[in-house]
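Labels run A, B, C, D, E and F following the written order; every chain starts at residue 1.
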């Protein structure tokens, strides 16, 4: 199994979720994070003076999938999250050793 | 060492924490996340019209433990978090390569 | 590549970020988490009666780096985050299998 | 000059300003998505400022000076000649200007609920300025400034026609010109903060004592009766709306509860100086139910994205109250009585409603055309669906926690 | 009719409504867990509406009509015969109805603090409706409606007995019937938002000017004195509470600071029309300290989960102020003087306290029994400990960020 | 006694208290970092309580009793002899005490904006207590208590000198003694909640009707004119500030919008009883622009960390309004006229400004020295940069979600 973690722009969440449903993803967990990267933060103004905001709001998607689904999932995210501008985000993929579904005690692939 | 990540219902946090203390867990990190899975989201109403809320509030527990403790921890979480209804959540387990305790510089098992 | 996850005190974020810039880190993702460990939580008072707050606010830094950068990054975080008091936090390091940059589709080292 | 009446209208002016800032702002801001919170507040706030200046420059004069049947004149532009000594009835005219200014502030601000989350800020300010001059001030002149509807003897105590009907109708017209929020009606988000909306609704309720009670322009039994019937209608409508919600959806939500209040308040407004407690109770019962279904009708049958239901709550409520004002003013319903027959009065009320609806619709349409050609109406798709208007238009974030 | 007095009571009515909506609602909502925020607000809001309708239907008549010693009659049910011309003293009676209605709203809403986070919403509304008719209206009749305590000459200017003692005692009774929140007293959570609670407390403070000052039913030196002593007591009690906190816990918390204010306000309420500035100062000193320890006593010695300390703050405060009103009214303490001796007056005050406490306790107990058998009192364990009442009862979430 | 005037001043007292609690508290709390929210609110709240007690004990007497040119006497300490019958003009003196108390509350609370996020809470309370006695009460005596500036005929209707100039100047002095926030000016954070700041600003605006309108001490045309010009100045200054922001930074931020309002309000304050609508408009235009650049000047040219710009907004505004009050009072600008020539009056205004500025600066400096030696001024570096004052000083967290 694979553990996929994607950092995306908040406004793309809806699209990404739809796309993931299409490729058969049945569960996922998201959280609010803040990111810093090529997209350099932004400038707000406080009473006429610039104030630097370094970290921009992003959403992290946390997703466990079976090995064979990995590629389609990565592709789905890439497509739906892409705007072509700086800050579109990144996908991090790792092996996942074990999964347990709390409700039933099922393990691994069955627990996904 | 193992890295355990559990997604649970917010209301079970208190019970899970107590149980983890019992099996000797001394440290953990939690965060607010939102989840989507078999439990299908829920319907709120806005002035008489249904509005779909897709992501439900969950809590993620992030926990590094020694290899031998893994099983008892997973069991503790499973027991305390289970309500038997959809949405009880999942536990994801991975190998953990290295840990550093910032305060002392201790490494790995000693840093847990 | 390595996946570095550090839990630090919120007030050290600014210092850690500066230090990471110095050692050439160009991107990172942070989130608000709550921690529990040797630092035992704290007591607030509600109308004269003590109330235990178990989880303290922390910040998690989530950082993908190339293998060779790992050591300097861990050192940078350790130095900047350390106050010497309980609760300074921990760094967790894992291998990272794959990275994709959404904007360009670049993979792995290039995507960092 | 009556010091007592002056004391009450000073207070009432503060109460009505409070309805908009922060009341209405918070009510609306709590109902939108969190990334449009600042934008919604800034729209209400910006309108308040523009309306004040416009009222000072020409609005008051158009509404309240001169002998015209359809429109006032500019003899009091820049409040020329309105000093500390001039009177309006038995209160200082300058205070009357102020009290009326707070009405001129809240009326265009009500319309904000229709176009939130997608309109350009420049368009908001421009539309509002024109709208006060070309819709609000003339209708005010008709009804309260000695114009033709006043001559007919129309009943509109505190603004069912002048405030709620004009705002509701114009809301629909603007939405038609502007278009729906992307995704509507398939997909929309629940209010981001019922708590903030509730704070706003409570402030509106309290402020409405100044709105309806102040419209007596005196501290007397009439003002007392006005706030009592206002309050009864609000409380009753709230309970009705809550009950319907409870039966239909299984749960009485807070957003529904507070919406019922606003429906009850808007509805009783035109009638509040003519009816008795039982009339207030009846209007509460009716408005809670009728506005409830009006929301569903406009949103889901007509698929008009009047986002926060300005027409369904304010427009329908204001019109309903106007139509029933004559009936409920009769002694049968414990009202304070009328000179005409109920039938005659109700005819006048119908004439009032029709003329105000048609006039508001047409003029607002023209205003939108002009605004569209100068500023454009909508923000970019990118701004609307992604970063939100808080960041896109105002460069700020509502909460940096 | 006095226009000036009317002007002030119009304003005072708005101020007292503001105390409940949103004042008290926010004060309480800030102190509960975040997942019960909407529930707490909806309880206050729902009570306000139910109380208004009940007051209109029969409450006012029971409290203020007829010659009965113990209870009024129904001759003014549905406000029959209360028009714009009828007077109560020198203000319009309809306004007096309204002003008193705002008291009938806030009193049962005060009790919300006792039962938050676990009670059924239907039970809240039902209990409150009965309670106004069977506890609040009769006691009001005794004290302000010409009943037996009025005949005895009891001092209760703005509701130490009528409002705070009835609410405080009933709070305890309801909690006894309902049970504690699960986990209490071993485990409870800190207030989820001291900021929201502070907003509410500030609104209560400001609104209390209308509450105590309005109870003079006139715009005169008596009203001026009432707000001044009210203010002094509030400020002093705040400083006392803060100081105790600072010494005992090392830190002056904001929640403690604002709680001190409420203690000072509740305590001065019955005395506010009889005492001078020095009396206000003394009540502030005493209430800040006594209510502080009362909270600890009820919560930790008696282990009663009167969750937001309605009895310890309002009940104890109101009773304290009632008992001392006679003493501090004397010229020795700069008071406005009394006709009886201090001793005699204090005896009357004691009779007032005892009778109101006993009566409220018994009737509230019966109301709870009835309500329990019809609706049940508590939400499910699942709802209480897991999803919270916001989602469970109202189907909403307080913040969608 | 005038009942009508009494009714209005009762109301105005409530409005001005509302400006501080919660108005100013929220305005400031929204602008700081989230971990100093509670601290900022507690500072405003604590000052309100301290100021009330100090005013009762001696402040009022120093300001308003006796015949001294420079300072009053202690003959009314503890409000001795101020009963329900004594009058001040045609309102009860006890009410005048109360109304003035609300001014004594807000003025030191204004200074909070200068020292937030780093000062000790004990120092805040101590400085404020001394400051009321040694700066505020004497200056009040000079201007409103029959002192030497009153004799000269200085124009300061509602506190340009007494309130805004004293607060602004003292803000700068305290900051100089206290030092900047660590990191300033290279690094500072944007306001953590423009929403909360906007709620506060709106309450300030509404409350200002009581502040300026109440300063007429009567419900008449003068009060009406005062609130009208106040409102016009606020609205105009808001639009000016917003427009400058829009041009300079590309976006009209909400924080800028509301700051413009406060600038317009502070500026019109001293002039509000002397000028006409056009004067209000002119002050709005000037203050919106001048205060805007004053902020930048103090913060970035002088590098003074007057954190929320008390001097640049209140100080500069109050001084500007004071200097122009004479000019705009003339009939040329639609003012209510003056007895002296514009030139003479303006000389008096300049004398007023200079003497108040110098006096406030010196006395505040001494107060800071005393406070520093007793309590120290700053919290620990650890507390300031890490946990924040909410947790460090008050042991609480603003939001437990």
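To be clear about the criterion, contacts are C-beta pairs under 8 Å (C-beta built on N, C-alpha and C of every residue); 3 or more make two chains touch, one makes a residue touch a chain.
Treat the numbers as computed from the prediction; the structure is a model and nothing was measured.
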| item | value |
| --- | --- |
| Third chains touching both subunit E and subunit B | C, D |
| Pair of chains joined by more contacts [C-beta pairs], B-C or B-D | B-C |
| Between subunit F and subunit A, distance of the C-alpha-averaged centres to the nearest whole Å | 49 |
| Subunit C-subunit F separation of Cα centroids, rounded to whole Å | 44 |
| Euclidean distance of C-alpha centroids - subunit A vs subunit B, Å | 18 |
| Junction residues of subunit C - those touching two or more other chains | 31-32, 44-45, 53, 94-95 |
| Per-residue multi-chain contacts in subunit F, two or more chains | 2-4, 7-8, 11, 187, 189-191, 219, 249, 251, 253, 255, 395-397, 399-401 |
| Touching chain combinations (by label order) | A-B, A-C, A-D, A-F, B-C, B-D, B-E, C-E, C-F, D-E, D-F, E-F |
| Subunit D residues within the subunit F interface of the complex | 1-4, 6-8, 10-11, 13-14, 17-18, 21-22, 25-26, 29, 37-38, 41-42, 45-46, 48-50, 52-53, 56, 78-79, 82-86, 91-92, 94-95, 97-98, 101, 121, 196, 219, 393-401 |
| Residues of subunit E that touch subunit B when the two form their complex | 187, 385-387, 395-397, 400 |
| Contact footprint of subunit A on subunit B as seen in their complex | 6-8, 31-38, 54-55, 58, 60, 74, 77-78, 81-95 |
| Subunit D residues within the subunit E interface of the complex | 2-5, 7-8, 11, 15, 34, 189-195, 198-199, 202-203, 205-206, 209-210, 213, 218-225, 227-228, 231-232, 234-236, 238-239, 242, 249-255, 257-258, 261, 276-278, 281, 336, 399 |
| Residue numbers on subunit A that touch subunit B, as the complex places them | 3, 17, 26-32, 62, 64, 94-103, 105, 111 |
